[in-house]
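The same chain A turns up in both complexes below, where it pairs with chain B and then with chain C.
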Partner chain A sequence: MYLQLAWRNIWRNPRRTIVIMTAVVIGVWAMIFLGALMRGVSAQMVKNGIATLTGHIQIHQRGFRNDPVIENSMHEPEMVEALLAEYLPSDARWSPRVRVDAIANNARHSGGLTLVGIDPEREAGVSFIGQAVVKGEYLDAGDEYGIIVGQALVDKFETKLGRKLVFMSQDTERDIASRAFRIRGVFRAEMEATEKQYAFITKGAAQKMLKLGAGISEISILLADYEDAESVADNLKEVIPPDSYEVETWRELLPLVTAVLKMYDWFIYIWYLVIFIAMGFGIVNTILMAVFERIREFGLFRALGMKPLWIVKEVLTESFFLLTLGMIIGSGLGLLSIHALADTGIDLSALSEGLEFVGMSRVIYPVIIIRDIVVANLVVLVLGIAVSAYPAIKAARFTPVEAMART
Partner chain B sequence: MRSRVVMRLVSREGKVRYMRKRVALILSFIVACFFFFCGTLHAIDVEDLVRDAVNYYRGDASFSTVDMTIHRPGWERTLTIKAWTKGQKDSLFTIVAPPKDNGNGTLKRGKEMWMFNPKVNRVIKLPPSMMSQSWMGSDFSNNDLAKSDSIIEDYTHKITGTEIHDGKKVYVITSMPKPDAPVVWGMQKLKVREDLIFLSQEFYDEDLLLVKAMTGTEIQMLGGKLFPKIWKMQKTDKEEEYTVLDYGEIVFEESLPDDLFTISSLKNPRR
Partner chain C sequence: MSIEIKMVWRNIWRNPRRSILTILAIVFATMLLVFMLSWQFGSYDTMINTAVKVHTGHVQVQAEGYRDRMDIWLVVPDPDAVSRILGDIPEIEAYTVRANAFTLVSSEDRTYGVLLIGIDPEKEAKVSTLQKLIRRGEYLGENDSNTALVGELLAENLKADIGDELVILGQGRDGSVAASVLTVKGIFSSGEDTFDRRSIHMPLEYFQEVFSMRGAVHEVVVLGRSLDDVETIKEKLERGIRIVDDHKAMAVLDWMDLMPGLVQSIKMDLVSALIMYAILIIVVAFSILNTFLMAIFERTREFGVLLAMGTTPGRLMRFLIFESVTITLIGIIMGIIFGSLVTWYFQVHGIVISGASEFLSQYGLPERMYPKLSILSISVGAGIVLVITLLTALYPALKVRRLKPVEAMTAA
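Then we have the complex of A and B:
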């Protein structure tokens, strides 16, 4: 009987119902859609961070992370590599690297960047560089003088494919190491900063240049699923001697990203609350109006013997219908608009310089997380009904005499 | 009697004729030798020519006082530098004027460089990141100093022409970097006079466009040998930016003690 009564009551004044329902629809849509965009931004940040030479797990010589100089590199990587081959899940891929800060020079320009010595074949499966070469070609394992640089660096140095760049750095004997490389390939990356930051040579060339022998700076591991990083890292920590090596997951390697992720979690909930507060006043107001309009009716109910609690239930059911209808339509619209943007994303190239500062991509793709949608709807429903309790209780408090007295 | 006199005269005439012939023969032989010699220079001795020219201007060891003028569109300043060099590898520079910069020094041994600043009383070894920066704000980079023997080691030379300057022959040498040499230039052009004096050194990028050039002028006797007194380093596209080195005094020595090129003498420069 409540259901029927409530349903009919909300359609007694269709215009008012539609107005308040629109408010709910827009609120829910905004929660879901903007929440998905935020999740999209953070997912891209994680993806960029992991693809830009982080991987899911990294192994370093102890001390390298605090002071990433060439002296702190891993001198005997064979031992670690043997352990990895034994203990990593079979679908994990890993790649050794030499990483050093260097100065690039040509006749007219010079600038600092990170020189990364890679095993071309292994690296292709681990980081972005395998798919990122747009001009020229990828490195061959035996290429002693080849280098791959980013498009932005090529523009900055006014150079091109086949031209020479001279790199200077400090070798293991603390002398100045310099070596000339020819540009074999040009890569493009999601972010311009990456294009300017990294230049890739073969591991062998880097080891020769820096007199590093067989030494490497790090091993980067990519797992099938990034959620497994912690458990795999824990397994590795047990077998790899902890006094000489550090095993870290991307959460530890990218502290900024991890912090931003945590912040975004709270951000989204605060965002939900803010939207709800705006919406909640509308709901209270509408229900209150509907209640005051029907004072005589409620008086009559009471006179006929309806308990106050039943009246509360009846009013709450009305608000439940309003909210549920709004939520269904709002969620539907939200999902539809996310779906519409799933392929194209939102292109923010115009703002890219500012965005890159915080590690965001040029294009944002919304990401749906079921939990967010559930939380959004629950917030609206629970808090919506909670705020409707005020008019409902007000309605239940009218005594028949009082009600009849009002005309 | 008479006939004797005539005889004598005839014989004297004959002797003169004979002498003339001999002089002509010797002269032509010298000329032939010269051309032959030049021919071999073209074919074989370019590398030696460059090396000898570098050795000539550096000497076995030298001490010099140089005024370095840095010219920029808005300002100009002159530093007086005392410089000691030994062989191709070791150098020590100390600034003596203006007083503000007095005591600032640079030591180069092999490919490494150290700088000393008396105001903070610190010696720093130049890290790779500073090697491509300019030396004391001039148009010379630290690399130009640190890798001064690069022209010998990292390039292959070829004589591509000759010119005549002040009545002396000048070789135009085109130097191309060896394929994997760690040098930024795409080409260098040297002009070396036949008496081993460098007249100019031009630096080209990989598109073979001129980037900067150093020229030596006012060749005169300095420290017992002919030497260009004025050296000017100029960037091509910037008329108003150049650095001039003006050698006031230069003394070529047979040798200088090794302990001159040490960090302690960088900190306590000789007066």
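Then we have the complex of A and C:
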């Protein structure tokens, strides 16, 4: 009976109900849609970070992370590699790398970058570089003088496919090692900074240039699901000797991205709260009006013997209907707008330099996180009912005689 | 007129609870916007000032194309000629010259690739904050030659300290090998990771010698009296340079040209924030639309009487708009007052966002941030609220025009 009574009551004044419901609909839509966009931005940042040579887990010689020099390489990677083969889940892929700061030179230009020695076949399954070569070709395992560089670097150095670049760096004997490489391929990346920052040679060539023997700088591991990074890393930490090796997940390797993720978490919930407060005033006011124009009615109920608590319940049920309807429509619209943008995304290429500056991708795709949608709706429902308690209690307080005497 | 004001005022307080809730909604929106915009403008200011003071200055003269490629042979060959032009521009506070080169730098047991910057110690101190950023050791002196200032993180990576020697190895302007040994004299920290990890400063004269610069520099860095002078300075400088430089080999760039990433990311932040605020205020508008509507519909009979007595519909409409405007203005003024007070409190005490320092330092922002109250931050926020609420108030007021006296008087 309540339900029927409440339902009919909210449609007594359809205009009023529709107006306040519109506020709820827009509010919930804004919560869900903008929330999904923010999640999209942060998901893209994580994806870029992981694909740009981070992977889900990395293993280094202890000390390398604080002081990434050639002396802190893993000198006997075979042992770690054997452990990985044994203890990693079968669908995980991993790749060894040599990584060193170097200066690149050609006849006209010079600049600093990171030289990465890779196992071409393994690396293709782990980081972006396997799919990123747009001109020329990817490296062969036996290639001693081939290099892959980014398009931005090619432009900067005014060079092209087949030309030579000379690299200088410090080798294990603390001498300056220098070696010429021929450009075999040119890659493109999501960020221009990546194209300028990295150049890829084979692991063998890097080891020879730096007199590294079989040593490597790091092992990068890519799992089937990034959510597993923590648990897999914990397993590895138990078998890989901790006094000589560090095992870290992407959360530790990309502190900036982790900080952004945390900040967005907060930001989204603050946004929910602010939007709710904006509609909260309207909800209270509308219910209050609906209550005051029915003072006589409530007086009559009371006179007929309805308990005050029932009146509170009845008013809250009205507000429940109002909120739920608004939430359903708002969530629906939110999901629809997300769906509409799912394929095309929002293209922000016009602001590419700004995006580069804050580390965002050129196209933003909204990402649906069920928890966000649930939280958004819960915020509206719980707080909405809570603020409706004020008019509801008002309604229950009218004494029958007083109320019925009102005109 | 006074009777109208009296009527409007009494009508507003006919149902105080409702009016107060409506006003509170507007106060909330205005407060939030005043605070948030002051916060944003404050952080943009800090970002721009830090970047200008640490890196670019307000305006620079460089060789055409140097910004994109930073090649050592793209030089300003005669910095003195540029100085003469600068001397005639009164809006200029100070200027300095710099030369840059990518080099390998080695300490006893570490080697890194860095940006080596040749500076004029005396002039540099007036343009950039470098001198104030020295954490240990000393700033460069007038007669120093083979001394260097090293970023804190780089010093850590190099395992080098004051008095240690660094070997630099790079390519000179003429393509020759440039090598020298520098002694670490000071260690600086700007708080910005890439700068502290990737740069070394040395005296310009010695730089020019080592890199065979033949008196040339890469950047003439100009600091204006304020950000507002940038346009004038740029214009005057361009005019002056055009006379000296007949090959069009020089470019005059302001800080926005030099840091397009910063400018665009500020734009992006502002635009996305404004979209959010607009959505928020639309929610507020629908939230208070009911009050405006109710205030009219519960008085239909009254309006009927007024119309029957000869009040023109136009006047009635003016009444109602006046009523909504008053409510809106009360809300906005209170919002501005409270918003400014809250903002002012934080402007004095600062806000620390715990755990965000790493993220903020990436953009050259300190951990403790200060919002900056300004006419702009107040008026933009209040303006958006005013426009959207007034549009909301217009809808019910327009409805009144269609009222017929007789029908209205008999309405329930």
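One rule holds for everything that comes next: the second predicted complex is superposed on the first by the 405 of 407 C-alpha atoms of A that agree within 3 Å, B and C clash if a C-alpha of one lies under 4 Å from a C-alpha of the other, contacts with A are read in each partner's own complex, and residues count from 1 in each chain.
As a convention for this text, a contact is a pair of C-beta atoms (placed from the backbone, for glycine too) under 8 Å apart; a residue touches a chain by one contact, two chains touch by 3 or more.
Worth saying up front: this structure is predicted, and the values here are computed from it rather than measured.
Partners chain B and chain C, once the complexes are superposed on chain A, run into each other and clash. With both structures placed on the common chain, the touch criterion links A:Glu227 to neither chain B nor chain C. Applying the stated contact rule after C-alpha superposition, one finds that A:Gly112 touches each of chain B and chain C.
After overlaying the two complexes on the shared chain, residue contacts for A:Tyr145 are found with chain B alone; chain C is out of touch. Of the two partner chains placed by the overlay, neither chain B nor chain C lies in contact with A:Glu78.
Once the two complexes are laid over each other on the shared chain, residue contacts for A:Ser178 go to chain B alone; chain C is not touched.
Judged by the touch definition given at the top, the superposed model places A:Ile103 against both chain B and chain C. Touched residues of chain A, counted separately for chain B and chain C, are more numerous for C.
Residue contacts after overlaying the shared chain place A:Met168 against chain B and chain C alike.
After overlaying the two complexes on the shared chain, residue contacts for A:Asp243 are found with neither chain B nor chain C. In the superposition on chain A, no contact is made by A:Glu86 with either chain B or chain C.
Of the stretches 55-63, 91-99, 163-171 or 217-225 listed for chain C, only 163-171 runs into chain B once the two complexes are overlaid on chain A. Counting contacts by the rule stated earlier, residues 102-103, 105, 107-108, 110, 112, 168-170, 176 of chain A appear in both its interface with chain B and its interface with chain C. Looking at the complex, you find that chain A touches chain C at residues 15-16, 19-20, 22-23, 26-27, 30, 34, 67, 69, 71, 101-103, 105, 107-113, 156, 168-170, 174, 176, 255-256, 259-260, 262-263, 271, 274-275, 277-286, 288-289, 293, 348, 351-358. For chain B in complex with chain A, the residues that touch the partner chain are 111-112, 127-129, 131-132, 143, 146, 180-186, 203-206, 211. For chain A in complex with chain B, the touching residues are 102-103, 105-108, 110, 112, 144-145, 159, 163-164, 166-170, 175-180. On the chain C side of its complex with chain A, the touching residues are 17-18, 21-22, 24-25, 28-29, 32, 68-73, 102-104, 106, 109-115, 157, 159, 169-171, 175, 198, 260-268, 276, 279-284, 286-291, 293-294, 298, 353, 355-356, 358-359, 362-363.
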